[in-house]
Amino acid sequence: MTEEIIIAGFGGQGVLSMGQILCYSGVMQEKEVTWFPSYGPEMRGGTANCTAIISDEKISSPIVNVYDTAIVLNQPSMDKFEPTVKPGGLIIYDSNGIIRHPERKDITVCIMDASEEAVKMNNTKIMNMIVLGGFLKIKPIIELDNVIKGLSNVLPERYHKLIPLNEQAIKRGMEIVKIVHKA
Amino acid sequence: MAKKGDIIIDIEKCKGCEVCVVACPKQVLAAANEVNAKGYHYAIKVNAECIGCANCAVVCPDAVITVYREKK
Amino acid sequence: MKELRLMKGNEALAEASIRAGADAYFGYPITPQSEVIEYLMHVQPEKTTGMVVLQAESEIGAINMIYGAAGCGKKVLTTSSGPGISLMQEALSYIAGAELPCVVANIQRGGPGLGTIQPSQGDYFQSVKGGGHGDYKLITLAPASVQETVDYVKLGFELAFQYRNPVMILTDGIIGQMMEKVELFEQQPRITEQFDWATKGKVPGKDHVIVTSLMLQSEEQEKINLRLQAKYREVENNEVRYQEHYCDEDIDYLLVAFGSCARITQKSMEMAREKGIKIGLIRPQTLYPFPVAIIEKLAAKVKGILTVEMNTGQMIEDVKLAANGQTKVEFYGRCGGMIPSPDEILNAIETKLIGG
Amino acid sequence: MSEIIKPENIVYEKTKVMTDKVMHYCPGCGHGTAHKMVAEAIEDLGIQNETIGVTPVGCSVLAYYYFAVDMQEAAHGRATAVATGIKRVMPEKYVFTYQGDGDLAAIGTAETIHACNRGENILIVFINNGIYGMTGGQMAPTTLEGMKSSTSPYGRDLKTMGNPLKISELVAQLEGTYYVTRHSVHTPANARKAKRALKKALEYQKLNKGTCLVEIVSNCPSNWKMTPVESNKWMEEHMFPFYPLGDIKVPQQ
Amino acid sequence: MKELRLMKGNEALAEASIRAGADAYFGYPITPQSEVIEYLMHVQPEKTTGMVVLQAESEIGAINMIYGAAGCGKKVLTTSSGPGISLMQEALSYIAGAELPCVVANIQRGGPGLGTIQPSQGDYFQSVKGGGHGDYKLITLAPASVQETVDYVKLGFELAFQYRNPVMILTDGIIGQMMEKVELFEQQPRITEQFDWATKGKVPGKDHVIVTSLMLQSEEQEKINLRLQAKYREVENNEVRYQEHYCDEDIDYLLVAFGSCARITQKSMEMAREKGIKIGLIRPQTLYPFPVAIIEKLAAKVKGILTVEMNTGQMIEDVKLAANGQTKVEFYGRCGGMIPSPDEILNAIETKLIGG
Amino acid sequence: MSEIIKPENIVYEKTKVMTDKVMHYCPGCGHGTAHKMVAEAIEDLGIQNETIGVTPVGCSVLAYYYFAVDMQEAAHGRATAVATGIKRVMPEKYVFTYQGDGDLAAIGTAETIHACNRGENILIVFINNGIYGMTGGQMAPTTLEGMKSSTSPYGRDLKTMGNPLKISELVAQLEGTYYVTRHSVHTPANARKAKRALKKALEYQKLNKGTCLVEIVSNCPSNWKMTPVESNKWMEEHMFPFYPLGDIKVPQQ
Amino acid sequence: MAKKGDIIIDIEKCKGCEVCVVACPKQVLAAANEVNAKGYHYAIKVNAECIGCANCAVVCPDAVITVYREKK
Amino acid sequence: MTEEIIIAGFGGQGVLSMGQILCYSGVMQEKEVTWFPSYGPEMRGGTANCTAIISDEKISSPIVNVYDTAIVLNQPSMDKFEPTVKPGGLIIYDSNGIIRHPERKDITVCIMDASEEAVKMNNTKIMNMIVLGGFLKIKPIIELDNVIKGLSNVLPERYHKLIPLNEQAIKRGMEIVKIVHKA
């Protein structure tokens, strides 16, 4: 198993930590992982993205051009990464602010109202966890238990009290993810 | 009586910094609830008090405001 | 106790320097390596091991602080990238000339000039041939993972002190920026040894110590150069390190690649082997000293060699020198911050190496 | 109101000395406003085609895309040396550098001091935001005591990290400088004043009397980790007391 | 009218720059090249041709002034030696990346570090492989006499503008300090051409000009690199220059040497020929581009090649790459400011090349 | 008189903090006297074995042969950076640099300013002879107006070559400097005063209060093209008015 | 009455700079007509007025003068 | 004909210009010439030397280790260069300040009281010209006419009035040179 994932959105949406949590969770499950941020001037203010790879084998490059899964949280990222999903791959996106929805027919397309849901849960910061839940529902490459363990690695001690909320968000995400199109 | 003025904001280029908002002597400006394609809560006019003083435009870092003032 | 962590390459490098018992880090920010000093400033090793961390006014400031502290027999390191490393060339030549130990890491980005901040391997020549003036060598280590980055910090200090020579860790923005699993070695004590070549206050009854790279008399300067060369021969004899894949089998083709690029090349090799191509890979872990002997040996039996680099062709010269005309040596590379994909390299194997 | 919106009523629009390229700066960053003031000064003096600018390495590295004048991009810290090269072979042009505090006052200290000491007839526009913006918020020479940055995460400690450097006051001591002044661009009034200073400095260039330096104390909302509006307030409260606005050296008649 | 004079190499270089129509010289004193700026300051070309001469605060200042003035499309040069040239590496990479024309002369002295002020050829690698970061090349000219120094200043400017590339004149303390007869070319006019790539004030109706070496997008940065590489291939095809002695005869052995060292080697060659040894000499006048083809051709017919250098063995790598295993390549050198004598080289011919 | 010449009557002899090596300086060069004063200060304080010195590139490059203390030779201009490296890892040692005006005030400007601005607890001994001695008499940043050198053969022209730089006054402005003073060693009285200043500066190093800089205005008979005695007179008449002797910054109690 | 003093000059190391000559309050010193092996007109004593003040030795750049003074 | 000459003495004795004059004279006689100064810290104050080579053929190295002629004006130079004269070669020296005279028997040794003579001629600056005369007497490789022409090249225009004095000095040197020993 090798899963190559791009996670992309605006800065502040928590795309980098989403990737890190995935990787930490992978480590808990004794997988090989790599995480690679986009860095550069575009990091500031504008968009942010990272590549997370989770695999049973040693990982060659932490940077790839095509992905098994694209997790997309804004329109520019949609425009940039839709074409990079491998045929048969998955795109999963938050509906908020998306004007042009994915059009490819050779990939699985999932939509989530994660931002909306986060507002409902009174914490916009957990939007990324909701999306993560959605992804794990569609591709259950890591068990929820290990994700929770991973979380406790990413979060500094003083935030550990937030873990139950995050868990809740992940679970909620698993519920609300909708498959729009199946490859 | 203050002159009458008006402004045009290039909202797609606006970065929603709100520097114009605090610079306006007439509280003409505010951040929109909506975001533009770049994800910014762009500036919008919220009243018609504009006197064309250009304060907003002068401090707008992205030069996205054009200011008009009635000549007479 | 060894510790398993998921860490960014740059942060792992910083942590490894603390654990290796470094006495000081002097550096200046530059993308993609600023996390090294940021990590150190955050962790404040001064409060635990006593390691000093200072942001210098420039790379020239930093590397000359390194010179000073290394001249005291201390374990010191700095890190930078392309433009910053270029600014250090004068001082690196001084450090090599004065035979001081230190570790310098170049987290390479694309050049020339301001270039791009994306990963590259364009500073190979600068590291292994000598970007500074005069005849000198930097022992050059090329990690291909966060784990090796950590290990080479420790190894780097060992080699630096063993040979009293600057050691370059030549890595890149991929390895510096990526997170990977890493096993951290235990905290090493800081050195307490009073080296007799180091300035530490004159020892009564002994001559005062001089740290210098100057010798105005040509005869003497030549002797110094010959002594350096003898040391380099020793390094070449004893310190070559590389990893080989399938090279003891009956291979028709050989790949040579280093650092992050070797990881990708390895994947291409596996893809090629699945297609039935008998191909192996040499990944030099030391770029200087270069693994000449093994490549020379393999060159005698393969039909061709392909070097893969994230530049326009630099290590290929060392591969050619090693192959010495015994077989053809081809090149595939990407540059300017572009990273080759396994498919591209496979394609190069099929067209340039086999078809070519 | 739309009857007001017609070309002849325009009282303020983007200067032609700036291009249409969207600037890459973070929302609310003073770099954009500072650019505009420089460009407007050039426009007002009608010297667009006689001006050559030099950009630094720093957030404003890409400023050459935004100024519609001939531009060179200098290595980190070397803008005044590059400008010296330009001015010495093209003495009839107006030459300016645009530099951040890391660029001008850390790695570029020698070039800055010596260009000023030689009295090169150039204008140095110095953006002091107390931080290395481009590389992600490391401590700059001008970072205030106790101010947090990614390389002074517990606040700048004067004992180990040195003192915030008033480079403008320093170069004002040099014989070679003709006009040294400190401004900001965070309010309309301040921005307009800054522009007047920039115009004056460019006009002085014709006199061949020495180096002019216009410091602009500015913000870096991203790395100060504040909203733009908060950052401007913080700047007034913390930066201005240490870097007081106003003329530091004015031409002696 | 051409003029015959007896001049010091450094002064001749300075005079040649005036006559070549240079617009500016920026430099910083360092032995053994300070006579260049001293001569210019004495002669005051500003009063005749208008050429500007400025003593910078450092070599870094000087080379960045060069960048600025070259970016205006002006003919500019600087000179230095070892440590100073090392300090210029960052900017040289910028100049190459921004494709600006300029001439830089390195009057080599012995390294590494502060080394010695005596002559050397230890900066070969730095010049031809790239002492700065990233993939770039300096066209490198190696004069062997005061006359060639003068000629190469003119040629250097021609090549620099033709290819928009920095040109390095790689010479040494022997040629810089010695006096020899020299024929000076006539005063050339200063350029008035308004290059469209140069900053000179925006031309109304045209886009403003940008001089830069930055391109953050990797795809674009790669394109720039590939364009540079294409230019370098053109240089390699068109600009190789060398002198050959007896190479069209039936020779058994070949010598390769450059610059001042080649003069001495030539004497040794004559001595060997008197002894009946069939031996020839290739003296590369361009070190980059290197005369690969001729050496490759000769390697096929000779029993061995000896390179002679005033360093510990640098050009030998290019000779080996050219020979590509067709024949053995040996090395003889002195370093640290020592100069080989014709006898020593003859001895090396007899022992290393023939006997070895 | 020979009855006076016996060991117990010695009132002045070469300090043990200097070696027996014959110095390579030209006849009458102030470098030698300055060396002696530094060495005597070290001897008087009894800190020979706790002192580490840094020599520059300049005529005093070989000073490491003459001082009988541990010494490092720094690259041109970088002595204060080297000293910073030493002092930071060996804070209990006395660290000094010995630098010429070209070294300290031209190529080394950034290192000098920033070491002083950080307030590194080191002593900078600054030999200002208004010229590049070692390389054969080129113009230094401190060369006086109209003064001839091999790169200002018709005298320093302020318009094109810049102004003589008072670097001591400049660094005295920085928070990081604790004691900045200017002396000479050309007469017995001046030499003795210089030595007292050097001693004070070394003593201050124990307080960890910042950088001390002792400037010594000196001669270069060879490149000034004068006899030593003439050069000292010329120095009094021309250098001292521009570089007045005396304290520039003294510790505030 | 002034103390009695004397000096020893290491003439082979003396560089003949004459800085000591002008520093001596008692005109004890002068340059020799002869040169030493290095070609310098080294310093010599020309009278017996030395008071052992050490002025000459303090300013001697090459530290070649040792000064003695009668203790009483 | 190739004549490799080292000229050495104290700074200020005019050794560098003696070499230059020789070379200029050589050029006048259509010879190949090279002149190479010793440069370095020892230049200042202490000793100075230069190598002059005059030849009918192209000159390979301007620096050599052994010489046809050593012209020596002080004791340190005597110590340094006596051993470097080729067997059969020439050493020519000014007597002033020389404590240890040359001892080699395989070379020609000439002595001159040039300093003394210069004092007599009321111009210590022409000592080097006197020595040059002595050399040209022993090895007449260049004609006097050409030396005079060479002189006018080395001397700035305003000093041309000194040429007759120099000529006189050279001629005087030719008279006073004494062969002590013949190889």
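In order of appearance the chains are A, B, C, D, E, F, G and H, and numbering begins at 1 in each one.
FYI, a residue touches a chain if its C-beta (ideal position, glycine included) is under 8 Å from a C-beta of that chain, and two chains touch if they have at least 3 such contacts.
From a predicted model like this one, the values you see are computed outputs, not experimental measurements.
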Of all other chains, the one whose Cα centre sits farthest from subunit C: G
Chain pair, G-H or B-D, that carries the greater number of C-beta contacts: B-D
Averaged-CA centre spacing for the pair subunit H and subunit F, given as whole angstrom: 40
Approximate Å spacing (C-alpha centroids) for the pair subunit B, subunit G: 85
Subunit C-subunit E separation of Cα centroids, rounded to whole Å: 29
Subunit D and subunit H: spacing of chain centres that average the CA atoms, whole Å: 63
Contacts with 2+ other chains: residues of subunit B: 15
Sites on subunit C at which at least two other chains make contact: 31, 54, 57-58, 60, 83, 90, 94, 98, 113-114, 117-118, 212-214, 216
Touching two or more other chains - residues of subunit H: 40-41, 45-46
Footprint of subunit C on subunit E - complex, ascending: 60, 82-83, 85-87, 89-90, 93-98, 108, 110-118, 120, 122-123, 125-126, 129-136, 212-226, 228-229, 311-314, 317, 320-321, 323-326, 334-338
Contact set on subunit C toward subunit A in their complex: 4, 6, 31-32, 117-119, 173-174, 177-181, 260, 263-264, 266-267, 339, 341-342
Subunit H - residues contacting subunit G, complex: 10, 45-46, 74-76, 97, 99
Residue ranges of subunit G touching subunit H (in the complex, touch as defined): 15, 35, 37-39
Residue ranges of subunit F touching subunit E (in the complex, touch as defined): 57, 61, 73, 75-77, 106-107, 109, 132, 134-136, 138-139, 141, 150-154, 160-161
